[in-house]
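A, B, C and D are the chain letters, set down in written order, and residue numbers restart from 1 in every chain.
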Amino acid sequence: MINNNRHHSQFQLALQRFRGNKTAMACVFILGFLYFSAVFAEFLSPYSYKDEQRQYSYCPPTPVHFFDQGRLTWPYVYGLQLSFNEFYKREYVTDVNTKYRVKLFASGESYKLLGLIPTRVHLLGVESPGRIYLLGADSRGRDIFSRLIFGGRVSLSIGLIGVLISFTIGLLIGGAAGYYGGRVDNYLMRLCEMVIMFPGFYLLLALRSAVPDDFNSVQVYFAIILILSFIGWASLARIIRGMCLSLREREYVLAAKSLGVNDFHIITQHILPHTLSYSIFAVMLSIPGYILGESALSLIGLGIQDPFASWGNMLSDAMSIVRIKFAPWILWPAFFIFLTVICFNIIGNVLRDCLDPNLKGN
Amino acid sequence: MILLELKNIKKYFPIKRKSWGGQGAFVKAVDQVSLSIYPGENVSLVGESGCGKTTLARIMIKLIQQDSGSIKLEGQEVANLKGSKFRKFRKDIQMVFQDPFNSLDPRFTVFHILKEAMTLEKVRYRHFRDQEQRIKELLAAVDLPVNILNRYPHEFSGGERQRIAIARALVLNPKLLILDEAVSSLDVLIQDQILKLLQELQDKFQLTYLFISHNLKVVRRVSHKIAVMYKGKIVEMAATQEIFQNPLHPYTKELLSAAIEYKSVRRSEDINIHPNAQLVEKEKGHFVLDV
Amino acid sequence: MWVYILKRFLVAIPMILIMALATFLLMGSTPGNYLDTIRMDPQVSEETIGYYQHLYKLDRPLLEQFFYWIKNLLRLEFGYSFHYNVPVTRIISARLLNTFILSFASFVLTWAVAIPLGIWAAVHRNQWIDRLIQLFSYIFLSLPSFFIAMILLYWASQTGVLPLGGMYGPDYDQLTLLGKIGDILTHLAIPTVALSIGSIAALQRIMRGNMLEALGQKYILTARAKGLPENKVVYHHALRNAINPLITLLGYEFSSLLSGAALIEIICSWPGLGSLMLTAVRSKDIYLVMTSMLMGGVLFIIGNLLADILLVKVDPRIRYD
Amino acid sequence: MNETLLTIKDLSVTVHDGSEKKILLNRICLDVPSLSIVGLVGGSGSGKTTTGLAVLKLLSPALKIDDGEIIFQNENLLKIALSKLQQIRGKAISMIFQEPLQAFNPVFTIGYQIEEVLVMHTTLNTKQRKEKILSLLDKVGIKDPKRVAGNYPHQLSGGMRQRAMIAQAIAVDPRLIIADEPTSNLDVTLQARIMELFLQLRDELKLTLLLITHDLGMVSHISDRVAVMNQGQIVEQGITKEVIENPQQEYTKKLLGNIKF
């Protein structure tokens, strides 16, 4: 017997193995940073998501200079002049003699930090006539960097809330089907198959069409979450049902029954904890589905409506090749979708390997 | 006074036939079995896989409902016990399962595993002090060190886990302990230790054992009476010495010669079992199934 | 065998009907219907709206409309598309074929690339090749398909190598049969690649996992103990077992292909069921939505059934019951 | 006793999982005289299976054979080329495993898997191979060879599968069969029948059998020589009768104590 004083349950051992994996921890850190920035979006972004400056449409990212004639100074930005070249195409000429210092904790648009504290402080900003577009501007001159942070708030939260809803439904239905079996199991599984059976996107469109058109963006946001979780719960239910079926036969469940432990306790003490610890990786692997689902819907104009920002509807701007050619920076949201999705995928897969050492692929 | 009396217990499992109906065939898992277990007299149910011994054991402990037949615990019918009477039944009969790696919940510490066994005696073990005291007493009884309370099952070997399972079964001071192949998945030497431990525990806790096994050799040392099961029926039942010295039923002879001398008995045709053959007492306390 | 297929269809029919009913109710329950949009158009007189209303029974309660639709369905009359003013079947059959072409092309590409890649990665486990493939599979698994489509279109626009979406070239009609096929293939390239990259990565990982599991089984030890050469052990004994679970995946892969295809069709303006569905949903063209939903469901059931039959042929342990 | 068919000299095997290095076999020496049955007995984890697998170099890559020789027909099996070793595997030396359901490939019929050995090691044509398979299955006591040849492993009973496994092992008249716990999963009566089959085949086909098991009782009844293993070492080895009558080692006494009557 190993007799070190700290004793770890298999689940804690799995977490230790997870912490040992550097890439997985890096992903956790990246996601943590993204979610953190989503929560403090107003503070971190120089401008609000709907702050338009039409004359700066598709303005390229403004370079930040640290050296003034060779000397290190406080970072500053040059002013921009709009002019049209011979093909009447918009061009931005940097106006060397107007300089705007980049200010930390500059005062900008007022907002309520975390919805409570009214304040005007933004992490960085530039005096009013000057504009700082760290990652360039979109068609209506809105700062892409700010909209990215606000968009993150939508795309990232949809993943989490959607998975929570579909996981709870999946747990209830999968658990009931798995534990009671027989006819209950049969009907519930037919129901699951029906939902899985239909091609997701058609279902998405059909359900989306059921949402009345006069919904404002917040209502649409919740409608999308409901739609996505309606499509998602079935596959989770099947995984959980499979687990419950096998757990129910385990001898320690029979032992508990013979010790007079009632059904409720057996489910909450023996069946559910196992299902939860094992379905974590299934949850992690299904979050990308929600994020991509929302992006797809917004991309074709059925998701989050302008002026609200989400990574999907920011990308709809990039649907035309011409715009990509002249303003490639409008593709930034796709990078962040990719980054979030790859982090969840890596974390999900590493978790699965840690939880089932014998299932290890390599 | 009989501790546990079974009167022609029947349990048939339908074989899944094609759905267009017709009289489906049945597997006669347990076919009219009667058995009486007296306090202090260990009985062994020996038979090969598929003879129904595990199903019978799970019926005794009411994990499975029998189709027909009565079970009496200390003279009291068990079928429709309710409330406190049913709880008393649960306390008096406990079971130790076969697979040590499957009978303990990997998420529970040793303390939690044994504490769960106290659910039926919440009053007596209300305070942590009483619980800990009882658990320590039991761990000592099964020769396990006392400092393992917050350890997890995966930190123990097969033999140690089986000792924890035995301790768990003893928490409620049962009268009858059913050991369903409790030693067959263990290593030869560890099997030996567990059987010795069970003999010590029998005197200390006035227990009666019911061994379920597929091998006569293993149960020989610990059982007073042996019942040989074949195709859901008890084909022969007698004192251990009697079974080993003069087996009467052809199947028992075959079982014995294979287990002891590794010689198979050349049998011309299959041993046929008359559907409602009964046990007949050929000699004093030696019952054989009449053909 | 045929009893099994019959049974599968009998089970599938009610499922589709329930799904159709659910969609019908959903579509119907939202305020406004197709005719509202026509009302805004001044040229259309009141009587024609009344006429259409009566013809399509739009004025009747929802359930009645549904049964009316079902009645037509039995007569293979799928109803009328308001938007295109033609019987629904005519539009859908062409679009269905296009979606099928795209899905099938992507399916072939996925399986042709992912299976050998998965086997190769499993056989060279933990060597740098395997690590490299695993890295790429993570990346391609996470790249959203619409993003890949956009980038490919952008690349095509810069290099002019491939057409920028659509299905037929401008001079499609004058081309010979061979020319036509070539033209469609060039148009097919970008959407197929965009659609397949994600599923190639996913399938490759599954194939690798299955191969590793099969290689760890006892019968591989027996095969070696029989003196069989290494490649016979790996590519015959292990591969045969590793393929089976993929066949079951075939059924579900088909449905994810259909839904994935829809999005790519819209981006690459490929005239498939997906883009049709989008316009139908936008303009609340109920019968068009219903029928394309139906077709999507039927396509999926057939795909699923084919996968199950194939599985029974491949894996003897599975019987029909 | 006639000359030895197989000699294992100072075989040492270690495993490298993660950081530490564990010794699985520590200088194993074992002689297998031809036409004899040698019992290799030990508890789980004693290294008896590793020894059996090492003979045909079937150990998993994680295990390393540090040194030692395995002399068979005066060749060191550890040193010869893989292609040459593949000539011996299944032809001169064949193996039988514990769990026939897992040891047979589930998606091929029994007949096909036996035929593979014939294709590999003989020049029989298709018809001759078919007949050979049926005669093999009949020789191992399978009543309906035709049906069994066409069946898949999961369609047979435990005893039937093990007999098919034996048929596959004797397909090309091997000199030595290494059987790793051939009967542990079978019921007692079936176990006895399979043991009798081994004895009958040993005499009929002039076979030598290395029987690996944990059941000292079975070995004491059947094998000519016995070797007792514990924690990767052969603790005691000799003629079965002598070892059973007066065991020298403590561990053997303990093992014997368990089966005395």
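Keep this in mind: contacts are C-beta pairs under 8 Å (C-beta built on N, C-alpha and C of every residue); 3 or more make two chains touch, one makes a residue touch a chain.
Quick caveat, the model's predicted, so the values are computed rather than measured.
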Set of chains adjacent to chain B and to chain C: A, D
Of A-C and A-B, pair with higher C-beta contact tally: A-C
Longest centre-to-centre distance from chain D, chain (CA-based): A
Separation of chain A from chain B, taking each centre as the mean of its C-alpha atoms, in whole Å: 55
Interchain centroid distance [CA atoms averaged], chain A/chain C, Å: 26
Mean-CA-position distance for chain D and chain C (Å): 52
Shared interface positions of chain D, touching two or more other chains: none
Of chain B, residues touching chain D in the complex: 48-49, 187-189, 191-192, 214-217, 254-255, 257-264
Partner chain A, residues of chain B touching it in the complex: 58, 61, 63, 87, 90-91, 93-95, 97-99, 102-107, 109, 116-117, 119-120, 145, 147-148, 150-152, 154-157, 160, 165, 168, 172
For the chain C and chain D complex, residues of the former touching the latter: 217-219, 221-230, 237, 240-241, 244, 314-317
Residues on chain C engaged by chain A in the complex (per definition of touch): 11, 15, 18-19, 23, 26-27, 29-32, 125-126, 130, 138-139, 141-144, 146-147, 150-151, 153-154, 157-158, 164, 205, 208-209, 212, 252, 255-256, 258-260, 262-263, 266-267, 273-274, 277-278, 281-282, 284, 289, 292-293, 296-297, 300-301, 304
Contacting residues of chain A [partner chain B, same complex]: 1-3, 7-11, 250-252, 254-261, 265, 269-270, 273-274, 277
